[in-house]
C-alpha cells in the first residue's frame, strides 16, 4: 500500500463524515466497522447505522463550513493492513466564533482486493 | 490466527504490564509500538522505553495483587492482522479499599512469522 | 426459542416505547410486568398504566425521530425463559443538537404458548 | 418452585457474598453468571472470577459484622424460572458509625434438576 | 374493613387532592385531620383549611393531567382502624417535560359507623 | 385508653431506643411493626431485626447520655387505637459539643387486650 | 382575659398586616410597639411608622390572596398580660406557584381598660 | 417594678445560664417557661428540663470564663409584667481565640407576689 | 445644644441625602466634611463634591419613595460638639420588592455660632 | 489643643490596646466611651468592660510583638473637641508569618480640664 | 515648582483621560511615557499610541459623565521632578447605577523648560 | 539583517493576521511554517491552511478595528536568522467594551536571498 | 548619573531587603520614603519603620537563600532623578519546593550631592 | 548540521537540566540565552543565573530518577540554525506515585564554529 494514497483515502473518508455525505462514508467503511467514541458512550459501537443518524443530523455542527487539520500523522503498514494515527483538529463556527475539537484517532484500514476499507476506529481526547 | 491463542497471548501481555514484568512485555511488543494513553498525555507515544520506567515504578499500584477482567471482547482478524478490542476492568487495593480502573482498549497484533507482536495500542475512558 | 426471533421481538418492543405506540407495547408486555427505572424512582413499578402516561407524553423526547443502537447484546435462554441484556444507546435531537442516553438493560422474556411477553425490566446507568 | 425455599436460598446466597464465603457463592451461582453493577462499571460482567477477588478483599467492609434487610420483596415464578426482586439494605460499621447501602436488585434463579442457581444479577441505586 | 374497598376509598381521596376537588377531599377527611408535610413546614398542620387554599391554587401543578402510581402498598387493619402505607409516584407535565414526585405516605383511616375518614397523614421523601 | 398512660408508655419505648435496651423495645413493639425512616432509606422497613442491629451498635451516639424532649404533643384516640404525634428533640454530646436531632414522629399504638404495642412509625425532618 | 377572644383579636391583627390594612393594624397595636424581625435587620424596631411603609408596599406579596395558618398555639395569661406564641405559616402565590413563609412568633398583648393592644413582637425562623 | 432591680434580676439569671448554675436558673424561671431558640430547633420548647441538660454540658463553651455585654436595653413595664429586650454579646475563648455570639433576646418577667420569674424567652440572630 | 433639635436637624440632613436635595445637604454640612463609607472605598473622602455627583444620580435608588428608620439613637454632647450615633434602616422599592439597607452611623455635629454643621461621618455595616 | 500632643496621646492609647495594658486604656478613655466595631457585632458597644475582657485575652494576637503604622492621618479640632481619623495597619506574626489588619478609624477626643479622653470610636474595613 | 499648579496640571491631565480628549493628553504627556496598568497586562507599556486607542473607545465608560475624586494626595518635589501620589476614585453610571473604580496612582512629572510632562505612571488596586 | 527593517517586516506580518489579509500573511510566511498556539491545541501545527480558515473567519474579533502594542521587544540575530521575541497586547472591542489579549511570542525569521520569511512561531500566555 | 552604577545601587538596595539587612536598606532609602504595596494594604505607606518590622521578621521567607532576577529593565534619567522600572522575579524555597513572586516595580532614585536615595516605590502584580 | 547529532546534543542538554548538572547546561547554552517559561512568569528571562538557582534546588523533583520522552520531534535546519520542536513528557515519582509533566518546547540551536549552543527556549502547555 502506498502511503500517499492512504492519506488521500483518509481525507476522502473524513470529508464525508464532516460534510454529512453518508454515501461516501459507506463506500470507505467496512460494513462491520467497530468504533470507540468516548464522547458518545464508553461502549464499542458496531456497524454503520449509528453514524448514519449522526451524519444526517449534523452532529458536529460542520455542515456550513469547516477545516480539517491533521497533525503528527503516522502510518504503520503491514502487508494489507495500515494503522493510521494522527491528531485531528476540526475547526468550525459556533455562534459566530471559531471553535476547535481536538481528537486523537486511530483508523485501521484493510485492503480487500483493490478496495480500501476502514475496519476500526478508536478516538480519545486530544487536549 | 486462532482466536483462542490470540486472547491467551493478550492475557500474557497484560499480566506482564500489571505485574511489572518488563521482559515479557518486551517479548510481546513490537519495538516500534505506538500508543495513545489519554491519562498520560494527549500525544502518541512511541517505542518501549517510556513504559519501562512506568512498569519499574508500579504506575498502576498493582504490584501487590490485582485482578484483570476483560468484558465485551471482540477479535477482528484479517490475514496476519488481529484487532483486539475489549473493556478492561483492573481491580486493586488502595488504602485498604478495592478500586477499579475501567478502560476501553484497542490492541493491534501482527503475526511476524510465528511470533505475535502488539504494534499499536489506543485507550480511552471506560466509564 | 430462536435467538434471532427474540431480538426481533425486542426491536418491536423497544420501537413501540420510543415512538409512543402503547398498543404494541401492551401486546409485547405481560400485564403484571415489573420494572426498576432508577431515573424515575428508587422503587419497583408494577403493571402497565404508569408507562401508558409516559408514552403518551413523549417522556424521552423521541417522537420526532430517534435512533436505537444496541451494543454488547447477550441472550441467556433456559427453556421458555430468555434473559436479554444489552447496552441501549438512544439518540435524538434536543434543541438542535444530538443527545444520547446510554442505559444498561435487562429484559426477561417468557414464552406463553406461542406468545412472547416481557415480564421484567431492570435498567441502570450505562455511562 | 416453592417461594419460601426460594427466599431461603437467596438468604444463603447473600450471606455468602457479605461474609466473604466464596465456596457457598460458587455453589449457588451458575458458572456463566452475568451481572450489572453500576458502582463498579457501566458494563456487564460475566463469570465468577471478578467477584472472587472482590469477596476475598472485603469489598463491602462487612466482614466484621453486618445486617441484611430485604424489603418490598417479590417473586415472579414461571416454571423453573424465578425472578426475585427486592430492595436490599445492608448495614455495617464504618469508623465507629453505622452506614447503610441501599440497592435495588434483580436476581434470576433457574432450577437445574434439583439445584437452584443464580444466572443473572442486575443492581441499581436504591436511594 | 375490606382491604379492596380501603384502597378504592384511598384512590378517590388522592384523586380529589390532585384534581383540586375539595368537596370530595372534605368528605373523605376527618375535620380534625392532622398532617406532617416536610416540604411545606417542619410542623404538624391541623384541620382542612390549609389544604383548601392549596388545592384551589393547583399546588402540585397537576390540574391539567397527571398519573398516580402507588407502589409497595400495605394495609394494617386493627378493628376499625386501617393504616395504609405506600410509595406515591405522581407524574405530571412541567414545561413540556414529564416530572415525578416520589413520596412515602402513611394515611390512617378510621371507620365511623359506615363512613371511612382519613384522620392522619404523614409524608416523607421517597427518593 | 388514658392519655397520660399513653405518653408514659411512649416515654418507656423511646428511652429503650436511645439507651440501646432492645428487650424493652421488643416488649413495646408489635412484631410486625412497620417504619419509614427517611435518613436510612426511602423504603418502608418491616419487623424488628433491622433495629436490633441499630440499637446494639449505638446508631444515635446516645449510649453515654442524652436528653429526650417532646414538644407539640398530640394524641388522637379512637377506641383501641392511639395516634401519637410530636416533635422529638434528642440532645447528646458529639466530640465534646452538644448536638440536637429534631424529628417529627407519628407512632400508632394499638391496645391488644391489656397490652399496648407500637404498630407503625413514620418520621420526617423536624428542621 | 378570655383565650378565645384573644385569638380572635390576633386573627384580626394578622389579617390587617397581610391585607395591607394599616388602620386596623394601628388600632390593634400600641403606638410604642417594639419588634424584632430578623429578616429586616438584627435590631429592635420601635413605633408604627416603619411598618406603615411596609404594609403600603405589599412587603409580603400577599395583597392578591393569602392563607394564614397558625399551628402549635399557646396563650400564657397573667392578669392583663397575654403572651401569645405560635408558628405562622403564610401561603401565597409567587409567579404562579404557591410559596410558604414559616415563622415562629411571640406577640405580647396587654389589656388597657377594655382594649387589647399588641405591645411587643419577636419573630424567628420557623424552618 | 423598679427598672434597676429588673436588670439586676436579669443579670443574675443570665450569669446562671452561662456559668452552668442550674439552681439559680430554676429559682429565677417559671416552671412552665416557654422558649424559642432558633439555633436548637424551629419549635417552642417548654419547661426547664431541656436546659438542665444543656447547662450541665457546657452548651455555650463558657464554663471557663466569659463576658456578658448587653446593649440597646429596653424595659417595657405594665403593672406586674416586664418585657425586657436587648442585644446580648457573649464573649468566650474558643481554641485560644476570642469568639462572640450576638443574639437578640426578649425575656418576659412576671412578678408573683414578691418574686420575679422569667415566663417566656424568644431569641433571634443578632448579626 | 438641645437634643430634640439635634435629631430634628439630623432628620433634615438625612432627608436631603436620600431625596437628592443637594442644597439642603450643603447647608447642613461643613464644606470640609470628612467621611468613611466602606461600600464606596476604604479611604477617607473629603469635601462635598463627591456626594454632589452621588446625590444627582440617585445613588441609593430612593428618589421615588423611601422610609428612614433610626433605631438605638444616642447623642453625646460636649459643649458645642454633638456625637450622634444610631442604626439607620433605609427602605425602598427595588424591582417591585421592598429592600432594606442597614448601616451604623456616626455623625459629628458642631455648632458654629447659631448654625449646626455636620463635620464628620463614619459608616459601617449594620447587619 | 496642640496637634502633636494629640497624636502622641493617641499613640499611647493605641499601644495600650495592643499590648494589653488595660490601666492605660482606662486612663485615656471616658468611662462612657461608645464604639462601633463591625467585626465584633453590628451594634454600638458602651463602656469599658467589654474591652477589658478582650484585652486580657489577647484578642488581636499582638501580645508577643507588633507594629502599629498610621497612615493618611487627619485631625479636625474644634475648641476642646478633636476628631482624629486615620488608617491603622497593625502587623503581627501569626504561625510564623507576618499578617496585617487594616482598619479605618475615627476616635473623638475631648479635653476635660487638662485631661484628654477618647469618648467615641468608629471602625470600618480598611481594605 | 509650585504645588498648587502641579495639582492643577494633574487635574487637566486626568480630565483629558476620562473625557477622551487625546490632544490634551498628548500635550501633558512625554512622548516616551512609561506605564504599569495591572488591569491591562502585567507588562510595562511605552509611548502614547496604546492609550490613544483606549481613549477613543471610551475604555472607562466615562464619556457620558463622571466624577473624579482624589484623596490622600502627596507631592514629593525634587528640583524639576515631582512625584505625585494619590488615591483616585472615579465614579460613573453603569446600567443606571453608580459604580466606582478606586486606584492608587503614582505620576512622575518633569519640568522641561516651562512645560510640565508626565513621564511615568504606575497604578495598583485601591481597594 | 537590519533590526529596524526586521520589526517593520514583523509589523506588516502581524497586521495581516489581525486584519484578515491572508495574501500578505502568505507572502511573509514560509510555506512549511510551524506553530505552537496553546489556546488552539497542545500540538504543533504545520503549513498555512489552518490559519487561512482562521483568518477568513475573524478568529480574533479584530476585523472591525484593533490596536497592536508590542512591548519588551528583543531581536537575536545570527547571520540570516533572526529570533524576534516580544509581548503582544492586542486590543479590540467586544460587546462595546475594550478587551485585551496578552501573548508572549517567538517568531523566527529567515532571510532567503532578499526575502524574509517567518519559519516558526511559538506563543504562550502573557498574563 | 551613570546607568550602570544606578543598577548596581539598586542591586545593593534589593539584596538588603530580601536578606533582612535593615542598615543597608536605611542607607539607600530616603527617610521620608513613600510606598504602595498592594499586597499589604491599598494605602500609601510612609517612612522606614513599617519595613523595619517586616525585614526583621523575614516577611518574604527569603532569609535562608533566594535568587533575584530583574527582567525588562528600564532607566529613565532626568538630571538628578532616575526612574527605575523592571519586573522582579524573586525565587525561594517554600516547604521544599521553589516558589516565585513576580512583581512590577517602580523605584524613583534621587541623587543628593553624591549619595543616591530611593524616595518612592510603587509595586503591582507581575503575573 | 547533521540531524542525528542535533538530537544527541539536545539529549545531553535536557539530561543536564533534569539531573541538576549546571556545568553541562552552561556548556550547551549561549550565555545570553533567552527563555519563556509560562509556569514561572509571563516574562522573558535572560541569561543563565536564574536557572542555576533552579537546578541547584531540584525545581522539577527529578534528582532521584526520571524519564525523558520526546514525541512528535521536528528539526528545521537553515544553514547554521536549527529549530528543534517537540513535546516533552517528563516522568518522575512524587509521594510514591508517578507523575508526568507534558510541555511543548522550541529550542533554537546555533552552530558557532564547531560548537552548538542553545540561544532561545520557548515553552507552552502540552496538555
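Which chain is which? They are A, B, C, D, E, F, G, H, I, J, K, L, M and N, in the order written, and residues in each are numbered from 1.
We take it that contacts are C-beta pairs under 8 Å (C-beta built on N, C-alpha and C of every residue); 3 or more make two chains touch, one makes a residue touch a chain.
Here the structure is a predicted model, which is why all the values come from computation and not from measurement.
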item: From the options E-G, K-M or A-B, the pair that copies B-D, where over half of the contact pairs coincide; value: E-G
item: Comparison of E-G and A-B (more C-beta pairs in contact); value: A-B
item: Where subunit F and subunit N are represented by their mean Cα positions, the distance between them in whole Å; value: 71
item: Centroid spacing, where centroids are CA-atom means, of subunit D and subunit H in whole angstrom; value: 57
item: Centroid spacing, where centroids are CA-atom means, of subunit J and subunit M in whole angstrom; value: 32
item: Multi-partner residues of subunit L (each touching 2 or more other chains); value: 42-44, 72, 87, 102, 126-127
item: Residues of subunit N touching subunit L in the complex; value: 32, 34, 36, 38, 42-44, 72, 74, 76, 78-81, 83, 85, 87, 102, 104, 106, 108, 110, 119-120, 122-127
item: Touch list for subunit B against partner subunit D, complex; value: 67, 69, 71-72, 87, 89, 91, 93, 98, 100, 102, 126-127
item: Complex contacts: residues of subunit F adjacent to subunit D; value: 40-46, 49-50, 52-54, 57, 59
